[in-house]
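Structures follow.
Two complexes come next, and they have one chain in common, subunit A, joined by subunit B in the first and subunit C in the second.
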Partner chain A sequence: MELSLVIVIGITIGSIVMAMLNQQIAFLRIFKAQSFLNEEAPVISNHISKLLLSAERFRLHANLSDALSGANPRLTDSPAVLLNFRQPDGTVRAGILSFQNVVDKDEATIFDYTQAVDDTKPMALYYFVIPVSGTLSKPEWAVTDKPTDIDFFVEAGIIRVRLTGPAGEEIIFSGSM
Partner chain B sequence: MALSILTIVGLILLQLSLNVIQPRQYSLQQVLSDAYLTFERSTADRIPFEDLIATDSPWPAFPNIETTPVEIGRLPGGRAVLGEVTRTRFADQENYPIDGGAGTVATNPAAMKIWKVQSVLRYQIAERTYVKSRTFVRAQ
Partner chain C sequence: MKTKTQKKYPAGYASLLVVLTTSIFMLTMMVFAYKRAASAQAVLADIQVQTDYREKEEAMLRSIVALTPNRAIKAMQDGSGSTQEKRDALGFVSIFNDAIERANARTSISTALMDAMSLPGSIAGNSGDSALAAPSRIFNTVITNSGTVTAGLNRDLGVGFPPSLNDGGQVSNDDTFPIISNFKRYGSLASGEVGLSTTDYPDFNLIPYPDIDFGYAKPGDMFLAKRNWWAFRMNLAEHDDSITKLSRLERTFVLSVYEIPSQLPISGSAFMALGQHGNGQAWDNVTISGNVFASRAVVEGSTSLSSLSSRRGFELSEDATIGGQSFTQNPMAPGVRESYRVTDGDFFPISVSSDSGRAAFVPINRGKDYFDRFSHSTETATISPTTWNEYSVGALECAMRLDISDCVSATDPTPTELTFSYFQGGLRQSLVLPLNNGAAGSLPAGYTYVAQENETASFPEPVDLAYGKNGFFFFKSGVSGTIRFDNDTFGDPLVGTLKDGYSKPRYPFEVKNLISGKVCIAVYPERFKDFMDAIGADDLDINHSLVVNVDYLGSTKLNKPTIPSTINDYGVILNECADLTDFTKGFSIVTNLRLHIGDDFNVTPMSPPAGYTPPSGTFYPPASLFTPEKRYGVDFDPFEVELIGQVGSMASENATNPVRPLDATAVSGAGMLANRIKMNLSTISHPAELPPITMKNWLIVLEEKRDEFY
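The block that comes next holds the complex of A and B.
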């Protein structure tokens, strides 16, 4: 009698502990799924919308090298956008936001933008400032590597950017010029 | 005794995790709807003044309103958050009567046309309806 009572209590305690563990794991899973929109998206929004709002004009391209050379401008969803900014002295400088393969941080040489088609590397959003010489070097900022996809597109003349997060979440920012 | 302590601890932990998750879920929707409203602001900034005050304007003159269904984004798991945006515009009271105001040459010598352009976003999540608005001023 005593033995069976002890066994029953033991099993009950064991199952409650398991349920608590389960609950903790479920909590962590939900917490992690929320983190892209809660933590990453506002920061990305801050960076990108400042750039889009202060740019004078923009041009969409399929990749970084097209954006740099000005070849094949497009109107469809694009991973790269060239932004022109007017300087105080009236000259125009350009920058490129590009969602592409990760740039090797240890690489001592100048970033070779033709690597942008290397599919073995993960993707990240970079901001490049084009120097006066016109030769592209390493990105100025690495904005984020969390989204699985980033598309710049134009709707009614407004530039918009759609971020797709790791859990299928989607958020769209817009800029005007 | 041990059983009841365990049950109470379990319930407290559940409550604590809900306390953490719920405000985060609320802020998810805020991030999505704020992002959508940047589109309203950009559109209102960019639309030519002539189109804004045309009869088929996206922001008809109050009390006319125009309601359009929109998808403001997707939550984790890919669930779309649907909403509707209601647009209207209000004339400044110093506009000339032809532009919806009561101004005269004395009060509005430069013949300014000033419109307050308003977009109201309404979206629903789990039985609750949230409303958010943005108002912009366009003048010519």
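The block that comes next holds the complex of A and C.
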């Protein structure tokens, strides 16, 4: 009788311990799965918002090359957005946020922005400053390489950005223009 | 033999081991989980504070834009610099302090809101909340200089900053106060940086219109303006970085006040109806080239405008087109502008000033006070060397002043005295002109000796003559040909004394009645040259503008003119005004009386200034007329009115009924038909086309000088 009781209690305790262990592992999995939304996305949003809110105008394009040349502007999902910044000296300078293939860190000073984007290769969000010469060089900043997809789009005059994380999670930020 | 079993481990050690191991393992996992959660919370907290700072900074910047023009105006007003307390309230320190307050930057939830939520005494968890007691830790000068900001005056800040102004040593406190002054002008520092010679055009020059959505002009297009600016650096996080452990980049900003003379085909801070006359007829014979600005506007009929800008909004008829576009939906609806830009280009032809976040448009409209010198008292002890009335009241800006200074009686308004003042050697001189034709106390200025009694003289051009001696004179006006100075011609002003004859060019003004009996002052601009030469006045490039007022403060017999004018009010008649080429810098007239245009006005061309080719190929002296009411014709209604230039209005933007800027009323009071009104309105594109007196507007813009571009 006593032995039976001990065995039952032992099994119960063991089950509880296993359940708790499983729960802790589940927590860790959740934390890991949500780390993009919790930790990476807010930082990305913060950087993008700074740029979008500082810009006087924006224009969406299908790729970096179009954004640079001004070709084919559109309002639908776009990986590249050209931002115009009015400067006090009367000039209007521009920068481009572009989600595209990772730029080789060892690349020389000139970045080949005409090359087609290959979705099968690693992607990252870069900020390019367009120099007065109009010829792009290396990105000014690498904002993030964590998202698997980034799309800028306009709804009711408001520019929005949709970030897709490694686990397929999505988050949308809005910035009034 | 008794044996004793030796226990190697105490009883239950296995259970203890299992419990300990499990506990440590689970504790480790919990710590790890909490660490991840804490890490995520820390990221979100940092981002929240960053977002909080960013939003506060934006709100502060917008508040600075709103506050600056108000303080700049007050710094020009009477007594603004009389006490330290008053001065402190108008400086940039005060502007920054108030911007922090208006932005609600010191607390995310107000005490009142806390109380309303039944949370008195609660402590906000927002680490960005701070007393922000030392704005000097937030705002800094761009270079090392005294004052609160670095003004674009008498110094060149180099690449990325606008061309600076010079002040000739007249403005001493622009780093501390937002000073707007006529002494701040384009000079050596802006030479080569603006569109035209700063020597020839120091006041308003050609500069690029800022890239803002408010379309007074197209972004990037050259327009006429003078740009006052002040640079400062800002970092809101620096104030409390020891607490928040958060750093932000210090950013450089340039706050600009563009002084913009009215230059559009149609402009005015009024409620305007565009497209139709008051009788319902459309603007059939009207050509408008350029933007139209109105504080409020209603566009009627099938009117076509190239662009329309507004402060308070507008209504468009279904058939109206703006920029070639017919807007079937509200053009201000979210997304319309963005869609237009994708398909039709960057410049959206309809805008209101609130479209741009860090920009404000302030028309300088003094209303009825603009026309009347006597409705203003002298301003002293101002912070700005240019007083507000000097700056904004057209009547005070005029070089020449003509006042009705006395009349027969309170019931008989016939003028008996005019007072004319002008510049001579840069100093203001006055000439009191009694209007009685009998024996005068002394000979008015301007007369020169011609002949003795009974002698003759020839006058190929009409002149005014005086005949008499010892303060007793008889006069004749507008006489030409051979004149004999004798009692038969003039009458005998002093019996028994040998008299003399004098002449002077005719007065360029006189008392003249309309057929209706309305008493008027007739002004003859073509006569000014000879008259001013005769009295030794400065040239007409100095004495280039005339204000006609009633000195109701100096004589109890005179009444302040009413607007709209009644039959008992004086009027002004403009005659002999076809040729204004003597006014080499242009001619302006300002009056608070009804203005009757009796002749062709400014239809004689002249050579344009060197380096300027007018778009039409013909250059006329720039001229402007400012009056609360205008009538066409003096002796009879004109057949037709044709106008080339610009039209404005100073009516109220809050009026119930809109003003119709292109309506024309004849001297009889009848409105003219649309087919008798021809107007060709265009934008002033060169400072040589600016008349001496213009309306002004301020455009306040705050721009960031982004470090990554320099």
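Just so we're on the same page, the second predicted complex is superposed on the first by the 144 of 177 C-alpha atoms of A that agree within 3 Å, B and C clash if a C-alpha of one lies under 4 Å from a C-alpha of the other, contacts with A are read in each partner's own complex, and residues count from 1 in each chain.
We adopt the following convention: a residue touches a chain if its C-beta (ideal position, glycine included) is under 8 Å from a C-beta of that chain, and two chains touch if they have at least 3 such contacts.
What you see is a predicted model, and the numbers here were worked out from it, not measured in a lab.
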> Touching A:Arg29, do we find subunit B (first), subunit C (second), both, or neither?
Replying inline: neither
>> For A:Lys121, using the defined touch cut-off, is the partner it touches subunit B, subunit C, both, or neither? Pick first, second, both or neither.
In response: neither
> With the two structures laid over each other on chain A, which partner does A:Ala156 touch: subunit B (first), subunit C (second), both, or neither?
Replying inline: both
> Is A:Val17 in contact with subunit B, with subunit C, with both, or with neither (first, second, both, neither)?
Replying inline: both
>> Just checking: does A:Phe85 make contact with subunit B only, subunit C only, both, or neither of them? Give me first, second, both or neither.
In response: second
>> Looking at A:Ser49, would you say it contacts subunit B, subunit C, both, or neither? Reply first, second, both or neither.
In response: both
> Of the two partner chains, subunit B (first) and subunit C (second), which one does A:Asn38 touch, if any: first, second, both, or neither?
Replying inline: both
> Residues on subunit A in contact with subunit B in one complex and with subunit C in the other?
Replying inline: 17, 20, 24, 27, 31, 34, 38, 42, 45, 49, 155-158, 177
>> Going by the contact rule set out above, which residues of subunit B touch subunit A in the complex?
In response: 2-3, 6-7, 9-10, 13-14, 17, 20-21, 24-25, 27-28, 31-32, 35-36, 38-39, 41-43, 45-46, 73-78
>> For the complex, give me every residue of subunit A touching subunit B.
In response: 9, 12-13, 16-17, 19-20, 23-24, 27, 30-31, 33-34, 36-38, 41-42, 45, 49, 155-158, 160, 165, 167-177
>> Which stretch or stretches of subunit C touch subunit A in the complex?
In response: 22, 25-26, 29-30, 32-33, 36-37, 39-40, 43-44, 47, 50-51, 54, 58, 159-162, 207-208, 210-213, 219-220, 229, 231, 254, 256, 334-339, 341-342, 346, 356, 703-706, 708-709
> Which of the residues in subunit A come into contact with subunit C in the complex?
Replying inline: 17, 20-21, 24-25, 27-28, 31-32, 34-35, 38-39, 42-43, 45-46, 49-50, 53-54, 56-57, 59, 73-75, 84-90, 92-93, 95, 129, 140, 154-158, 177
